[in-house]
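Scrolling down, you'll hit the structures one after another.
Each of the next two complexes has chain A plus one other chain: chain B in the first, chain C in the second.
Now for the complex of A and B:
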């Protein structure tokens, strides 16, 4: 007596022979390839930074007169736009003959910083990041970098913004 | 290399790749942070080290592929000889 023939698989299995669990199975080779692709992505990121460094253009030195600077009382501050419209900066008169200016964008998430006369520091109200009003360095909070400092020049009674200080200038 | 030693070797190589990727991630973050802070000198060593780490990852992946392939071949040969 012979064994009955094996039942024929249904038509759908013949037409779709791939099992779901096999299809979703990731081999170690596939996983290692995915990791190498991730590594390549980060290498491309580093090369992108390098290209940005090589092909960056030095911003042209722009001079701008700061209106109303001489009318500013000691310990007061005002906002002006430099080096282009839409880029707010903060001018502070710390002494009779001394002014300091910084970019008004917090280096954390670009919130507008304000000068606190009582505490003599620049404060970011968003995440309580504090900067020194003397040199813009971070005193406390999440900002990772000092505030970019604006270079100032006195010409008679007028005050001019003449450039932005680089990191080597001790911004 | 015997088959029972190959599997830990593959897992070890995978672990090494993960470690290298974590280092590369840190490197990319640090280079970007330095670039945004105006320190452009970090870009060249950052790219070179990242490239070396990428090549090391690639070499380890090749090693995994080679060992994994030989393990599979041996297994298939054993199954076919049994049947």
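Now for the complex of A and C:
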């Protein structure tokens, strides 16, 4: 007659084992060590980000001719890519016959914004964020920042994008 | 010397000099409190004495009965004193230990017991009691040396009634014995007359 297999210890015994090497739960010391190391990691990461920001070089302003600007009717808008391909911007000829240009990416979640001729404002259809067509500031909705404005310069018949104005430039 | 040393207790060699008790009490981690005691077996008729150190059971009874999860066994099999933040000084371990080893230090409300001088054995030294024992009733030597120098046989299985206890330390027993059986009924008697 073979001996019956040893019964499995009760759950409470597995959770509170006698042998130290069978401990499964984190001790207070392990937890504090985890907290300290994680905080240290986050601190180092923040310092790294800060250093990166300090030593970042501002990219030189790119100039680009905006095609089709002269053909734009009053109250119409067109899309061009600036400062690099794949970065769409919106050129608007407002009702009072001024040219303004903004990045087309909504500052909320990067949806493409469109110009509404009737209401003379820039609208984001995703979450109904509205921007002023005059200076790009937020009129309503979730966007946290104004749209980055593209600085324009007229040279003869052609319209040139000559840079991006940050929010601090009074865009 | 070959092999890992083990702890061997031979009561027949004990001369009752109390050197182990006093050496143990010198330790700075529990100064003044000895974790070993020397008992007279039957003082009226005999001078025989027995030293008692923790046997470091494989499945320690003291830890099994601890309600506070305070008694732990490390990966070497050494059963340690109760963890100070957990121990509630309930004396369950004192009552449960079949060898009578743990003591509760009431003034600090903590159970303390022999930990095989972990500070010494972990760096290759012998436990203090085995170092000072003049008759080597307490010996910390490789098993081969015990086999070579002693007539008695080291035994680490003890039967207390229905409880069988296997220990890390060895008790020297007559060669015919494979295990040491202790029945309380053997030690009860009526005084005649």
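Observations, loosely collected:
One rule holds for everything that comes next: the second predicted complex is superposed on the first by the 120 of 171 C-alpha atoms of A that agree within 3 Å, B and C clash if a C-alpha of one lies under 4 Å from a C-alpha of the other, contacts with A are read in each partner's own complex, and residues count from 1 in each chain.
Convention: contacts are C-beta pairs under 8 Å (C-beta built on N, C-alpha and C of every residue); 3 or more make two chains touch, one makes a residue touch a chain.
If you're wondering where the values come from, they're calculated on a predicted model, not measured in any experiment.
By the touch criterion stated above, A:145 is placed in contact with chain B alone, chain C being left untouched. Of the two partner chains placed around the shared chain by superposition, neither chain B nor chain C is touched by A:114. In the superposed model, A:53 lies in contact with chain B only, and not with chain C.
Applying the stated contact rule after C-alpha superposition, one finds that A:40 touches chain B and leaves chain C untouched.
With both structures placed on the common chain, the touch criterion links A:32 to chain B but leaves chain C unconnected.
Of the two partners chain B and chain C, more residues of chain A are touched by B. In the overlay built on the shared chain, the residue A:19 is in contact with chain C alone; chain B does not reach it. Every residue of chain B that touches chain A in the complex is listed here, in rising order: 10, 13-14, 17-18, 20-21, 24-25, 27-28, 31-33, 35-40, 43-44, 46-47, 50-51, 53-54, 57-58, 60-61, 64-65, 68-69. Taken together, the chain A residues at the contact with chain B in this complex read 27-29, 31-33, 35-36, 38-40, 42-43, 45-47, 49-50, 52-54, 56, 144-145, 166-167.
Of all residues in chain C, only 59-60, 63-64, 69, 71-75 touch chain A in the complex they form. Looking at the complex, you find that chain A touches chain C at residues 16, 18-21.
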